[in-house]
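Notes to accompany the following structure.
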Amino acid sequence: MVRVVVLGQGYVASIFALGVERIKKGDLGYYGIPLADELPVKVEDIEIVGSYDVDETKVGVTVYDVVKRYWDNGVPESLRNITIRRGVHLNSLKSMPIKANGLEEKMKLSNCVDKLVDEWKSEKAEVIINVCTTERIKTFSSRDDIEKAIESDDREKLSAAQFYTYAASVYASENNGAVFVNAIPTPIANDPAFVSLAQDSKLVIFGDDGATGATPLTADILAHLGQRNRYVRSIAQFNIGGNMDFLALTDSGRNKSKEVTKSSIVRDILGYETPHYIKPTGFLEPLGDKKFVAMHIEYINFNGAIDEIVVNARINDSPSLAGLLVDLVRLGKIALKRGEWGTVYEVNAFYMKSPGPANSHNMPRILAYEALRKWAGLPAVSKGGTV
Amino acid sequence: MVRVVVLGQGYVASIFALGVERIKKGDLGYYGIPLADELPVKVEDIEIVGSYDVDETKVGVTVYDVVKRYWDNGVPESLRNITIRRGVHLNSLKSMPIKANGLEEKMKLSNCVDKLVDEWKSEKAEVIINVCTTERIKTFSSRDDIEKAIESDDREKLSAAQFYTYAASVYASENNGAVFVNAIPTPIANDPAFVSLAQDSKLVIFGDDGATGATPLTADILAHLGQRNRYVRSIAQFNIGGNMDFLALTDSGRNKSKEVTKSSIVRDILGYETPHYIKPTGFLEPLGDKKFVAMHIEYINFNGAIDEIVVNARINDSPSLAGLLVDLVRLGKIALKRGEWGTVYEVNAFYMKSPGPANSHNMPRILAYEALRKWAGLPAVSKGGTV
Amino acid sequence: MVRVVVLGQGYVASIFALGVERIKKGDLGYYGIPLADELPVKVEDIEIVGSYDVDETKVGVTVYDVVKRYWDNGVPESLRNITIRRGVHLNSLKSMPIKANGLEEKMKLSNCVDKLVDEWKSEKAEVIINVCTTERIKTFSSRDDIEKAIESDDREKLSAAQFYTYAASVYASENNGAVFVNAIPTPIANDPAFVSLAQDSKLVIFGDDGATGATPLTADILAHLGQRNRYVRSIAQFNIGGNMDFLALTDSGRNKSKEVTKSSIVRDILGYETPHYIKPTGFLEPLGDKKFVAMHIEYINFNGAIDEIVVNARINDSPSLAGLLVDLVRLGKIALKRGEWGTVYEVNAFYMKSPGPANSHNMPRILAYEALRKWAGLPAVSKGGTV
Amino acid sequence: MVRVVVLGQGYVASIFALGVERIKKGDLGYYGIPLADELPVKVEDIEIVGSYDVDETKVGVTVYDVVKRYWDNGVPESLRNITIRRGVHLNSLKSMPIKANGLEEKMKLSNCVDKLVDEWKSEKAEVIINVCTTERIKTFSSRDDIEKAIESDDREKLSAAQFYTYAASVYASENNGAVFVNAIPTPIANDPAFVSLAQDSKLVIFGDDGATGATPLTADILAHLGQRNRYVRSIAQFNIGGNMDFLALTDSGRNKSKEVTKSSIVRDILGYETPHYIKPTGFLEPLGDKKFVAMHIEYINFNGAIDEIVVNARINDSPSLAGLLVDLVRLGKIALKRGEWGTVYEVNAFYMKSPGPANSHNMPRILAYEALRKWAGLPAVSKGGTV
């Protein structure tokens, strides 16, 4: 079994919970879960034991009730067993049309840590998933600064993701290990201060920013061109959608953090800088969770020929990430058993847009996949051929 | 130096000759040549020493004159030194709007072999590239049948590509080795009879069907989906262009051979059959060498979500293949030096749509690329990361 | 009220019946019906009184049962009242994977006419809609030939559509008028022999080939370019889908008839010939009724600049046509009241790919729309402006 | 003859001058000029007699020299005869990477007016075209305010476009008429204060914002859907390019003015509001003048079916507008002869994104085209059909 706590009961967390329960009931296959049934830890072993949010309409109700808002085609009864608790806010929903209140309004941050650690202990949590709304970027320079911010109750310095990571490290150190999966852009696996803290606290961190949607596809298309030595002249990539995350990204501070993780792939994969425009472009409510992506790539081929590739896609955002979480939770359990404290590049390189640790880079996901399998103890799958 | 003979002085052969000479003159970089300047055999080492065609307007004139028909922006004078000789026809241009006459109209096939072998000897040819027009598919069951067809002068049984491969094997056996690059769909590297003949004749065969255009991109996109366990429901891929190859493919027999090499990737990469429509779709003269590609892929993601990817591209056909030929010629020289007679899967898997030998399969090109580099003695290039 | 008989109870006829009944129940708005609620004859006035097919699994069952095969989201009970009768086959489903038997297997063609006319009389039919499967094209040179074919029981000469038109003319002449809507490519409104027959029989014919999907959109995009004097160099348009009509069109004879109606728009709209490839391209079962369309247009602009437009679309085929039928049925009733026997260009020009009568042409649909409104007695709708 | 003065010698003005001179020399046809050779005023009658700019690298050099920067394929010698004069700046290039100085730095605004009017008199200018860089929007409430701003030398209140319009009105009143074509978004034809001024000054104004690129195509596609009563659920339209105008539009104030003219079409054409995202999206230098456009439209069809249209385009920005200017100049001459002072909706409705006068609206361009032809005294061109 893997005991999972979810931070942020939004669309992604809801589809994650829904899909896992449907699989347990035999209603759904493993599509969209990269490692499907191959891991020793099974999808059916996943147990969601806790859920946190700060949205006043969610705190205190069951996961069943929240999932129902996103899915009207039958929600498994088992989700009635989890009641959503209040998490910390720290302004992460600022400017969003949501009435939000965090634990920190009633107590000091250090008390919030104690409260969460106690709850996680009582639930015997093993893996904590962070799928809160994209935040404005902030980084820490040292572990001391993190601890000082908690002690001095400095609410301006800490984002929700950072606070939760700290709490997870306290929990891990008192619990003989735990896993923190950071699926949003805030640098956690990429912040040396947090990775160092994790190593000493028996915490495994996976992160940052789940590699869904257009970015990993772009990475593989760029790798395709790079391996043929075609010179990419320009890249334009537009994204527009109608879910809360796109609304959050109309805030330019949040958008910036997304743009950074998306743009870093260009240099990492091609090995040179090329003019590009890659960022979430806008919010269009009727598109809902199924975003529209448009991408234009122009490159130079042999004898100076100029070719163009245009990609258009309609991609359901939340199921893409939820499917990856099913693997990350199970890989987390494996890392936990092995005691691989800190962060694991082989996992991050395939699943994350901005794979930690800091100063590691993006690689073509198709290669990252092989490295991941090796790490997970699975056979290579060079389908076809004799290599 | 690598001494190259070209069979079929069409668009591809002309851009190949043009590009190589421009690079020698310093007018052009290595874009579109996958291994660029990394190989011990340099692009500047390539010497085109012979060219063959059956088009009456080409036989007897210089390569310079033919290249000028495709390129009006300055053709290097060095191409005036190669005069196009008459090759064999064997109906390979049947139904095309071209007045064609082959050597076989004046002599027996066995005499044609002798004549070509003599000419190649006098030119000290090392690598023979076949870029003739796509033919209707025919296969041989045994080496005996090939030899019998030549001896009995059976012009119905042999296609031009097959005849040339046989002649190359005779030349190789008398010349202590040679290379035959089959860039068209006729099964040569995939025909066990020819591979066996090659092994005994000191011939290296690379083939079949140069992996340009949409097919390798499709392969990498499918690999991308496969590795995320997204279930592909359907694939539609259209191609339309205005060069001679598209005109040839309006002939349904020729189209069939192309469809086979294009469709085999689906099963090879995904590991399952899925409904697909992948074939050259039509001829539209004004598009010229820059084809238009449209592709639609629909797949199932986590929790049953249905996503779609549409790819549109404008791709210059001939430079794509010509750039690969620059590598294949040089890799051929390496295989020749090593004495790797028969065929080389590691080379074919990256450069060919239908990589020989028979019963080997397509693999994601990004992985094939790594295998290729290893074979060629080049360092791995997992750009980024620590793997 | 408008009493409607449907020939061919396939996807289109089923969505037509379903949509009309849902509107009557108040479950659905008027979207997809061009003239919505503007006509004096209301959508709610439509009464389906008869349905014909030759598919053995459909003859004898109710429309309710057939609609259920295409729609699993609640079918109105009112459709239980119509039982599907056997129509004529005349090989129209030849080579399709359907077990089909027509009335003509048990009686002579002239008796089939009598039988149908009797049934239509008993149902007091006013408008007969032909939505049978696309047939191979055949045309008649004179009215005499039509009548002779019936009398001599010549089953090779007549297609189902032609037979039904003849039967409708007999019915109209004995019934003081009727309407025949030909929504498939067989030339009826474009065959002077049938139009002449209609004029003398008090029959109104609308046809041919309902203007759904990509063709009218292409027409309007071409008109857009034409009016800016941009010279269109080439047009490629691909269509692929998974419904029965796409399967039927894999038959090259049927495809030919479709290609003709699709290609005629190019010259009609632009005023000059330009190279184009416009035809249904293939069958891909998983796409179902929602076809994928890809279109590429290249044109020359001022100062010789070359621009490109690519259109990709996912279009539900059957609802598109069904929505037009809702108007055609009602416009038919209006023509019937006015006694406009023969065919009506103003109606055909907007609703049909190949608007009759013969030698009339396509016009930009946006202009045709204004002409249609005038004919129907509706106010012009130049939205915006003072013109 | 039509004597033309150009304000802003950028890409558009250069292609305009180049194309007109090439046509005069017989090097080029009329493609991209909507009314081609149909008007009584011929393309060959256009004479460019003056050009203004504030870019220090342009003022004082000939149009020939500037055109050469944009076009390296032979510039007509006749363009050596026009030397670019200094115009007014009024901060219109603020924040752009251009060293700019305006006339107003050496004299009062009222003196600038006098200087320009004198120059235009000496050149016998008839039509003045404004193709300056897109400005931040400002509007005037009354004619008095305009005159006061000039008199009081208020440089904050006036944009370059507004200043030039005022100067044109002074020139027209002293010269017995003139024409001002405003091809940028600044409201001139839409500002009642300027239109009133024009009526009393014998000035013809055409404007605002030349209808090139994606917007008129979007309008016609929306009209196509609207006439079939398909309900548009959402519209996303992205534009990215590499010319100076795209760079200018990264300034949010300028972008705003563009967004307004682009968005107004949605309501005007559809007759209802629908969520949309339509604006210039970014600057990507390598795309140059050939912008990339991506558009996604989702709509509801009959029986609730949801269809999607995606349009991707590569469009040369400057030739599109330059081709329209060739008509506007000639239509201006016609209006001048007729004395139609003020503004002309029939012209604006076809050629402008935001057609004046204020409170008039967009109409489908295909209909606007017919209205335009009528105004210009040309026969209707309902190609095809009998209507």
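What to note about this one:
All chains are identified by letter, namely A, B, C and D, in their written order; residue positions are counted from 1 within each chain.
Criterion: contacts are C-beta pairs under 8 Å (C-beta built on N, C-alpha and C of every residue); 3 or more make two chains touch, one makes a residue touch a chain.
Worth saying up front: this structure is predicted, and the values here are computed from it rather than measured.
Centre-to-centre spacing of chain A and chain D amounts to 47 Å, using the average Cα coordinate of each chain.
One simple way to say how far apart two chains are is to compare their mean CA positions; for chain C and chain D this gives 43 Å.
With each centre defined as the average position of its C-alpha atoms, the distance from chain B to chain D rounds to 51 Å.
Touching of two or more other chains is recorded for residues 308, 310, 312, 314 of chain A. If you draw each protein chain as a dot and join the dots that touch, you get one closed loop, with every dot joined to exactly two others. Listed by label, the pairs of touching chains are A-B, A-D, B-C, C-D.
Touching chain A in their complex are the following residues of chain B: 15, 18-19, 22, 28-36, 216-217, 220-221, 223-224, 226-231, 268-269, 271, 290, 300-316, 319-320, 322-323, 326, 345-346, 349, 355, 360-371, 382-387. Residues of chain B touching chain C in their complex: 233-234, 236, 238, 240, 242, 275-277, 281-287, 292, 294, 296, 298, 308, 310, 312, 314.
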